[in-house]
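Chain IDs A, B and C follow the sequence of writing; residue 1 opens each chain.
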Amino acid sequence: MTQNKSDIPSYPHRDLLGIEGLSPIEISFLLDRSEAFVEHNRQQTSKKLDTLYGRTVVNLFFENSTRTRTSFELAAKRLGADVINMTVESSSIKKGETLIDTAMTLNAMHPDVLVVRHSESGAVKLLSEKVNCAVISGGDGSHEHPTQALLDALTIRRRRGDLAALTVAICGDVVHSRVARSNIHLLNTMGAQVRLIAPKTLLPTKIETMGATVYNNMEEGLKDCDIVMMLRLQKERMQSNFFPSTREYFHFFGLTYEKLANTKPDALIMHPGPMNRGVEIDSEVADDYGRSVIREQVEMGVAVRMACLETMCPIGNDDKGASES
Amino acid sequence: MTQNKSDIPSYPHRDLLGIEGLSPIEISFLLDRSEAFVEHNRQQTSKKLDTLYGRTVVNLFFENSTRTRTSFELAAKRLGADVINMTVESSSIKKGETLIDTAMTLNAMHPDVLVVRHSESGAVKLLSEKVNCAVISGGDGSHEHPTQALLDALTIRRRRGDLAALTVAICGDVVHSRVARSNIHLLNTMGAQVRLIAPKTLLPTKIETMGATVYNNMEEGLKDCDIVMMLRLQKERMQSNFFPSTREYFHFFGLTYEKLANTKPDALIMHPGPMNRGVEIDSEVADDYGRSVIREQVEMGVAVRMACLETMCPIGNDDKGASES
Amino acid sequence: MTQNKSDIPSYPHRDLLGIEGLSPIEISFLLDRSEAFVEHNRQQTSKKLDTLYGRTVVNLFFENSTRTRTSFELAAKRLGADVINMTVESSSIKKGETLIDTAMTLNAMHPDVLVVRHSESGAVKLLSEKVNCAVISGGDGSHEHPTQALLDALTIRRRRGDLAALTVAICGDVVHSRVARSNIHLLNTMGAQVRLIAPKTLLPTKIETMGATVYNNMEEGLKDCDIVMMLRLQKERMQSNFFPSTREYFHFFGLTYEKLANTKPDALIMHPGPMNRGVEIDSEVADDYGRSVIREQVEMGVAVRMACLETMCPIGNDDKGASES
């Protein structure tokens, strides 16, 4: 924590592994910290701060992701930290033991923050238990992707002022989506109404127990909602065929102006990217910057990651991290 | 622009996408700026400046190139900028739309300069139209490779004083070569005589209209020339067979001492690298540092890229970049 | 050399290509320098120094190694240097000539230190002869891995105070191991007794001439030794089958508590990593942090690489590097 944060509500966790379990105050704390960085990042002059000068952030990606890695790298460098990128191909590691060995190896090098992405749910948590530095999840399997949910929330909050009274429809490949899970947790915690719209084959069983209303039809599900969050069709995660063709998928579940007509007139369109244009979203709709905030989401991503890195990175003689591990 | 450049002729473009269209004054401006960095880079003490401190340069390479990427990375870091490398494998992207999405994603992160290399001609320009930061081409398809032509020009100018009265022979795989195109533009603009020497299968149609004399025979083409620029045989770009064998190619078009005897006695030997030794150039000729300036070209590359980054990167309240985009 | 090192014994070599040929005073000099960085790296506050501010360290890896590259990168950044990573896939280079061209290309960019790893023995030395900056080997073929031997020595020295009177058993795949070779040189030079324990198929011929006692049986070889260094089974280097199965290998040469019972009661267990758990070492033994110092080795690695980079990187008007090259 930085020195001048002593009078604001503290964030009491060493790590950020998911949204589940965070309180509304903790989420708001991270969003408020992020807010400050948005304008900072827009100025024409030097955007570099020295908040994390001399600190080392390691991007440990067991699953390739140019966008998320770049966003974290940029965020860390803007705060003055040194960044080390490690992309570990899943083919070159044996699971379980080697993950732990990698964690312990890195830990012995005394980094300040580990940003970890892994293709298996739970792997980031497992790794976090073996190190005594802060760990921020960059997404694990189909479990959680907490910084994505935070950047989505920041985007919505800046446009709508408050999350509480909104109806948010999350549409598409819910079963494979860590983005959906993190957003369901966050939106529920902040008092929004969550709807899930997907074909039955792309919905996990008992998903209603997470606190969402389920629809299998876009027209019904989108009715009067404030926010439409489209999900990327995770073709690479599909073990079998979940629907006959992408053409048919687009017909029933792709976001078009026709289907959009069911939402409130000013409903925002969101997508975590990268988009499959013409599959889950019509290209024109995606580029309709009167309503689509897809570019803003990317921009908020850097601000949110700066806030998370600044919050998690222990400063000076604050030894919270060590005592909790 | 740095503060002390107000009294020198300004470079009026936001981007550097090619040499075509640049005026002699603009080319000389970039070469003059480069000149200052050559000695700077040779000193034994710290070579780091703070001209671009706090700025972010993104190396966005859709085509792998360790040499060019390293040269840009070194140049940016020497100027104090932060560098983020993004290598996007062509296999993982769908062309067209995804290029634009990548551009817009990066743009939303507010970088200061994008250095872009792409395997398709025109892709860098297309991308530049979608962003509001400066874009420097690191080479696109067989279109242009402007910093290569600038570094070649700097190398020649430092050795010969002036480009104007020189005869330059560009030899080899002209049809696939962006290096050739950028050099033809630059040399013509600066008043040099350009010759192209290649087998007919490696020459684009109507290449004479670019302002070059064409030869299909090395002995004739090299006669009395001042500079011999060998091109890399772009085997990876060849869709079909352009000549029977590399052995036969070397016999007719490989640069040997025998063929060199036709040039002026002090003609310089150049190659953009990496070389196919024994294919387009004899190994001994390449290493004859009395005449070969191949190592100098690499050295000039860092200086030229420093000049380009310094020139394109908008500083302080100079909002030229934004107003032009 | 830094200014305040004028009164301590100087390290008289431009490069660190291997341990062979280093004097006890030179090895102790590097270990003493490393020692200072160990505590530095453990502090909670900023670990960044400005010793190498403005210097460029290039990690040139012709063989992939996330661990070693990360350790060097972290070390260089902690000293304030800029780091450029170049991973050159062996498939993309033709041997010999291209190695030299890569060296000359990099040299022309005026880096301060090159850290080089290569899959062929001798390649790093060959490359060092073509450049006029300092070269530190990150391991070459089955020849040497000098920083690994130094970090092993630092780990032992901190635990045992002195290397001189110790008996060290190096066990396993000696024939493919540059770690073994560098350690044999270092331990012999510092006055330790070296034993090699391996099946005959994993021992090079005439290895005794290096100054080591050879055993083909773990129980005998481990008897009363102070240090057990396990080697990674280099499966990727094996051209043919050296033993029937990993299961049989573990039975005869895997380190278990049963075999450990033969050593001195407080013998340290070491492994350069990454471990093949259940092949050359029992998983429980590896994690027995009463005796296993495997994590400490990784930690010492960063300190040793900081010391080597600081020592080899020419500072200010000290032109030793240039005059020797």
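Note that a contact is a pair of C-beta atoms (placed from the backbone, for glycine too) under 8 Å apart; a residue touches a chain by one contact, two chains touch by 3 or more.
Quick caveat: nothing in here was measured; it's all calculated off a predicted structure.
Chemist: Superimpose the Cα atoms of chain B on the matching ones in chain C and note the rotation angle, 0 to 180, in steps of 5 degrees.
Modeler: 120
Chemist: Between copies chain A and chain C, are the contact residues mostly the same numbers or mostly different, with half as the line?
Modeler: Both copies, chain A as well as chain C, present different residues to each other, with under half of the numbers appearing on both sides.
Chemist: Report the inter-chain centroid distance for chain A and chain C in whole angstrom, where each centroid is the mean of the CA atoms.
Modeler: Roughly 40 Å, centre to centre.
Chemist: Mind pulling the chain A residues that touch 2 or more other chains?
Modeler: If we look for residues of chain A contacting two or more partner chains, we find none.
Chemist: Hey, which residues of chain A end up touching chain C in the complex?
Modeler: Those residues of chain A that touch chain C are 53-56, 58, 82, 84, 86, 88, 97-98, 101, 104-111, 314-319, 322.
Chemist: Could you list, by residue number, the parts of chain B that touch chain C in their complex?
Modeler: Going by the criterion above, the answer is residues 41-42, 44-48, 66-67, 70-71, 73-74, 77-78, 273-275, 277, 283, 295-296, 298-299, 301-302.
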